[in-house]
């Protein structure tokens, strides 16, 4: 499980400062067949006192089976492009909106821009330094206009000696309109430093809902003794630019003092500053 | 806990094929008094990414206390008729609508046709091969018309040498209107074969909402090494006829490949075919 | 975890008698930093078949960190006045409305009269027999009229040789209107007897929504072998008077037979009787 307690500042809100806390438990299930295939799943039960309902939420729930044939996951899983290219380094106690995450048609935690969530399927096969991914969004989903949404993705990632490069292609068809997204990313891990760069290009955007057909981002992280500092900068398909920085100081035993700040400059003008500070726990 | 991943086909839906996955944990609580009475309870936390709310659901939650006096259960428990007569053999990865289950006024998993769910009470006493059941629906429930719903049930089951016969009687009064249901069932387990037959007759149906006053069903199951095959046929109170068949192949360690198909022929004309296929896990 | 099963009577309801059951699990998380500070949290997952949604609810979720500096808790925690003065002895299987609990502006389980719930913060420091508390309600909450709600509390409690006295002061500002509440309480534990008295006075009540500016209560409890009897009487800020009594008989192993009755005499005239009886479990 994990937990956190702290304060969150948002200068775009009417009421800028809020207390924040959360306690969360992760249930992990695993087993093995007689022929040595692994299977399992996990989901999280969480509770945040500020949630309106007081109910427990779940996120990332998935099940998998893996063996010589690779690994097949069902549930709230990443798309192949996301699994191959990934995201920038994250910051802060609460994620500060998770704007270090790239825009994908389909991604985990129900966050894809063209995928309304639900059960997705991801197949992964690894050999030598290569990992190949193929994914399928939930079949026959309907969007708000009752248009049928079909979505799939392929991608590959190659890792060698601290370096990694990944590429992915996402394809969607919504009510007959085609959407395509090519994503590329690279990562280098040298001593205590980690650097990532990612770029995405919309090769088809039938409805022209995106201002730009490029997203691009750069991030880095450094571990110096008990301190980790991270920063990212990203421009998204709306031409909004997000810049963030954060630091974490480990108290040992799973507790850390964590803080971060993120600034967004909107293409339409104006900006937003969000910050947080507190203690995070992992159990 | 348990889990599953697979595909579901439904030819009556606008969009026929869907991916399906689920992960679930069961919490079991138990204790013993100083005088040796057992008490406990259980409920399940489950998560299915396709659920609209993203919240965790629960099903079958109940608590019990048992001793020389028998066993008293409160919560989402079976009625006495269901506990005595039971259901037909089930099929498939997802249950395919659970149409192998007989219609009772009151049953577990909030599924009774006259019971809106809630806390029910079930008393069970066993001696020699006999098991006697008595149950009470939640008191003073109101239905959608604000009519008071009162419901109770009695039943008995006798088991001997692989054979079992059961009988139950359900009685309900809704806003002064009387409903009665007599159910009978038999089961035989011989070597790797299991056969069940059940019949139900409405002896009172004050509102005449059921087309027929009979339900009848037959089912069988066979275990052959790692393979289990099951099938059922049932006609319900609406004169709809349901036929289903399924098979399961155990991979060991709690994982099985499971598939099933169910066809319903509606009394009003037309039919529906539902099928599923995938992997089920138990942990 | 814990559970309960029984019946509840309420003579003010259209339908007076109901069955009641519940099963509940408590998740407790804990850790320790390298320098010996403790941290952790807990929340409960519960399920009651009569809940409309069938979802799991949570209550009391909180996280904390503690060390030489004292203890800081975030989440659904008590206010400082509640932590210092406390409540009267409770009765019954289900709490019978928990009217043994004093009225505070802010209290745990989201029950404060001026606090809409959410993440609160409570700081506690203990030395010798003294415990000092300071608390802050969630910052920048808005009430139903979109007025900003600010709330804080301080208090202290001194314990010596079975006796304890506590005092607290709660302060709230809602849209510019001021509210103040001073609470005092005492407790004595002598052999198998426990007695508590509490009093609260509204020193500011800008909106005059309370009929009276006093609340006062007295309660007692006695443990005699396996039997515990408890009773309380309390007059609240609405001049309503609540009287309750209950008893519990331990079966050992965490199971008890529990019953209680509570009568309320309303200032506006009339009364209400609520009673319950059943078995409670703790696991």
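Observations on the model:
Each chain gets a letter, A, B and C, in the order it is written, and its residues are counted from 1.
Rule of thumb we're sticking to: a contact is a pair of C-beta atoms (placed from the backbone, for glycine too) under 8 Å apart; a residue touches a chain by one contact, two chains touch by 3 or more.
Here the structure is a predicted model, which means the values were calculated and not measured.
Taken as a graph of touching chains, this assembly is fully connected, with contact between every pair of chains.
Under half of the residue numbers found at the chain B and chain C interface occur in both copies, marking it as a different-residue contact.
The angle of the rotation superposing chain A on chain C, based on CA atoms and rounded to the nearest 5, is 120 degrees.
Measuring from the averaged C-alpha position of chain B to that of chain C gives a distance of 40 Å.
Counting partner chains per residue, chain C has residues 45, 53, 55-56 touching two or more of them. Against chain A, in their complex, chain C makes its touches with residues 27, 29-35, 37, 39-43, 45, 53, 55-59, 61-65, 72, 74-76, 110, 117-121, 136, 138-142, 148. The residues of chain C lying in touch with chain B in their complex are 1, 3-7, 14-23, 25, 45, 47-50, 53-56, 251-255, 279, 281-283.
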